[in-house]
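All chains are identified by letter, namely A, B, C and D, in their written order; residue positions are counted from 1 within each chain.
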Amino acid sequence: MSQNLWVFTAQCPSVIGTVDVCTHFMAQRGLYVVQHQSFDDRIAKEFFIRIAFHPEEDGFNADEFNRAFKSFAGRFNMSWTLTPPEKRPNVAILVSKYDHCLNDLLYRHRTGQLAIEIPLIISNHPDLERLAEMHNIPYHHLPISKETKPQQEAQIRELLQQYDIELVVLARYMQVMSPEMCDYLDGWAINIHHSLLPGFKGAKPYHQAWEKGVKMVGATAHYINNDLDEGPIIAQGIRDADHNSYPEDLVRQGQDVERVVLARAVQLHIEKRVFLSGQRTIVLQD
Amino acid sequence: MSQNLWVFTAQCPSVIGTVDVCTHFMAQRGLYVVQHQSFDDRIAKEFFIRIAFHPEEDGFNADEFNRAFKSFAGRFNMSWTLTPPEKRPNVAILVSKYDHCLNDLLYRHRTGQLAIEIPLIISNHPDLERLAEMHNIPYHHLPISKETKPQQEAQIRELLQQYDIELVVLARYMQVMSPEMCDYLDGWAINIHHSLLPGFKGAKPYHQAWEKGVKMVGATAHYINNDLDEGPIIAQGIRDADHNSYPEDLVRQGQDVERVVLARAVQLHIEKRVFLSGQRTIVLQD
Amino acid sequence: MSQNLWVFTAQCPSVIGTVDVCTHFMAQRGLYVVQHQSFDDRIAKEFFIRIAFHPEEDGFNADEFNRAFKSFAGRFNMSWTLTPPEKRPNVAILVSKYDHCLNDLLYRHRTGQLAIEIPLIISNHPDLERLAEMHNIPYHHLPISKETKPQQEAQIRELLQQYDIELVVLARYMQVMSPEMCDYLDGWAINIHHSLLPGFKGAKPYHQAWEKGVKMVGATAHYINNDLDEGPIIAQGIRDADHNSYPEDLVRQGQDVERVVLARAVQLHIEKRVFLSGQRTIVLQD
Amino acid sequence: MSQNLWVFTAQCPSVIGTVDVCTHFMAQRGLYVVQHQSFDDRIAKEFFIRIAFHPEEDGFNADEFNRAFKSFAGRFNMSWTLTPPEKRPNVAILVSKYDHCLNDLLYRHRTGQLAIEIPLIISNHPDLERLAEMHNIPYHHLPISKETKPQQEAQIRELLQQYDIELVVLARYMQVMSPEMCDYLDGWAINIHHSLLPGFKGAKPYHQAWEKGVKMVGATAHYINNDLDEGPIIAQGIRDADHNSYPEDLVRQGQDVERVVLARAVQLHIEKRVFLSGQRTIVLQD
């Protein structure tokens, strides 16, 4: 939906009254609900809600909303977010040498399809600097070796803080991060893995796929956590493959899937549609 | 979702407070909301809501719910439905000679995938009687000619009333119905058209498709109304086609799409996910 | 393609002249080539060809063709097959309790979509006998226990020989076969696995999929060999899934994929489009 | 397939011996066939063949091949093409203001995915000049009005000749061309139409689609001819849509389909996989 709307999301343990505590609060404040979705997971025993709304009258005050909602939320042990329509989160993109995902994200950023700011691009290689320049985005080349990994990761963390980054996108950043770095990024970094997880974990999945003679190649966008290539899945995509596709063809064909899946995951995330629930995600789709 | 839940749906003109009037009412009655979806269409200026819930305590009384909700609904000019979990609507299936859709619906009925009763099958041909027998379902052969059309349609209407039918499924019933019959079925009969409407309306769409050299064939499930092959669309599907597919191949390949799309539309309808909004449908998906 | 055509297939090590030895031979015999596909795999260094043709004149003699081609094939170390248009291979279907794949195969068999004979159905459970009866196909109930597995498998082999079976289809036959049985079936038995291999091997893949929160469920049809759930892949399919799908929903949703993928694999096999190449298949599609 | 191969294609009326005249000729010249596909259309009574090959020895002479093949082709009334592996055709891209297709083509060109040269971009608007500059490609701004259309089209034709253009791609060029211009471009210009033709011809197809409440949006790449939005179809694609998608959302969502479908059609064309057969195309896929 293309309207400019406020978005409210919340999450709490399953119990009766969770919907009403949110919707009644809004009704009493004259907030007009345009889209509402909620889901109560009977296995995880957890509740998730997303409401897109606009105030009926001028002068809606988010701080006042948050202060007033606090006591209601408290009763339900509910965590919540409130995001204004004009909000464009700061996103840092990490890359290595492949540029298909970066190019796609930059295109969607430039044309306004993705409502984000990209204050910087970070890479362990210099190759994609020209592409960053074409879009007037600062490019930080932070080379890495086995020895310098701790320092390089520290530099990245410093940059993320300096630029007030809210979301990190690993757009084919071909480095295994340290456990500390994974912990640091837990829940606010999206990675694209070039296979339909959990098949073909680890290195060279397209070559593994060719060896198996698969008839489909896929890609998986997931949150980073400490379990390599195994964080909570946000979005997946596939395309047909066949015997004509040698490993290098699968690589190329898979790139079209990767960039679409990654862009979709970023979109879902910034629209506040993705909720973490243990090792799974709940995605309240458009 | 496989839980046995009550389903409440409602629809009314767009105005503030539409969500709250439903959800607050439920909260006050101790009804546990498991899934909630609502949508406010800013062009049609119409509001749609679907809530799946279960009572926290025994003794939930639907009549009392409906009586009590009436005055609230009145204020919003809201129409609503309340459907119990064990509800299996009576569905009549109309066919001619093609059996792929019928076979699929009977299979899903037999295995419980589709929670419906099928008290009768009606056909203008005798061909599929054996298939009906295999599933122990009465088969009414009502032949039709240009002259007998009014009588035949009257017979159908009589049967639909006699068996207390709530949904009519035209599973490749190859007859153009009279305007009176279309009016009669408006909103409670689903047809499968063997093309991706609005392309290839009318007769022999697969032959039309071959002539055009299309690279995809599709199917469209829609509600019947007075506009031939043009009622509100519920579900659509496609599959790839190519030059190897002669018209008779497209017919065969398309059948796999038709039966899946039709079954999907029936499922959405009986789960109370489809709302009519002028010539369009709003489908609040699972 | 719906024409009745002879099909010639061949396979041999990569070397120059492989196409010509087949096509020139045919031209000289007045055989009209309708569809020709060949592929030379530069990694496996193997050549594959499939030619659909019809004789220009009556009196085509397959035996004479085979005798005459033998010396040409010999030079290329080429194995080949020649299949007449009216050929309907004998297929045995093995099932346990799930009937969605069986029902689909029987439907396609009954309507002539799948040009096969099904002289018998074998099961380790009695549950699906009624479905077999409805289609007038003998049903052999061969119960199995840990102790009786060798005898039961021997009974199956005996039946396959007795009925002159050319293809065995494991339509959700929920038994791990012995290595001997797998060897026996190597290359002429197709299994449907209810996941997108190589993800989720082994038992209860849909439950594994739910735990991982996957956004797609898939199915894989593959030839049986000694590597459990890991034989050469023939066809794969997927459909979207989401958080609303509990494990039992995934089971149900996946069944629609399973039956389509299995039917597709059987179709490709009987049309002589699938070639084995080590652990992979080459599929010369329509 | 990623190998560098020569490609031979041919087309002629259906008659026995068409395959052999090509393959035997190649065998006698020591040409190694890597991929071969042929199809004989029984309705159009036309034969199509595509052979990818490499010479076994150095010194393959295309002129000699063409001279020698001429007499064989003559007997079959066969037209043919022979394309060297290093061949990169000159492609002109025509645009108006939308840049999603242009951006995608430029990306695939820059990374070598599309083996083409793009010596110029032509537009009736100045808006996309900056994007052309970023890729160092000359941008010709040729404004157009009702009065100047003949002159503007003449300028385009002049540029196409000057730059020795072999393929024109209309990447959302929002002008209805004159019949003369359509004739001029017949068979060597690819247009992207933003609907699944033949549904929603003409202007604002996404708005038409919204009015109909379609559940899918599509795009069609086709050759230009004198029948507006109705030339022979090369490739089509779709994606799901729903009630949440207002017309402006469908526009945006459709763009992802358009760019993929257009790029695919260009790829198929330059790989010499597309054959014209009346108002249809035969596409011998990879």
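One rule holds in what follows: contacts are C-beta pairs under 8 Å (C-beta built on N, C-alpha and C of every residue); 3 or more make two chains touch, one makes a residue touch a chain.
From a predicted model like this one, the values you see are computed outputs, not experimental measurements.
Using the average of C-alpha coordinates as each chain's centre, C ends up farthest from chain A.
The chain pair with the larger count of C-beta pairs in contact, out of B-D and A-B, is B-D.
Chain A and chain B have Cα centroids separated by 36 Å.
Mean C-alpha position of chain B lies 41 Å from that of chain D. The residues of chain C that reach two or more other chains are 35, 39, 42, 242, 244, 246, 285, listed in rising order. Those residues of chain C that touch chain A in the shared complex are 39, 41-43, 196-200, 211-216, 218, 232-236, 238, 242-244, 246, 277, 279-283, 285. Within the complex formed with chain C, the residues of chain D that make contact are 3, 16-20, 23-24, 26-27, 30, 32-40, 42, 49, 56, 285.
For chain A in complex with chain D, the residues that touch the partner chain are 1-2, 35, 99-100, 103, 107, 111, 113, 134, 242, 244-246, 248-249, 252, 256, 260, 286.
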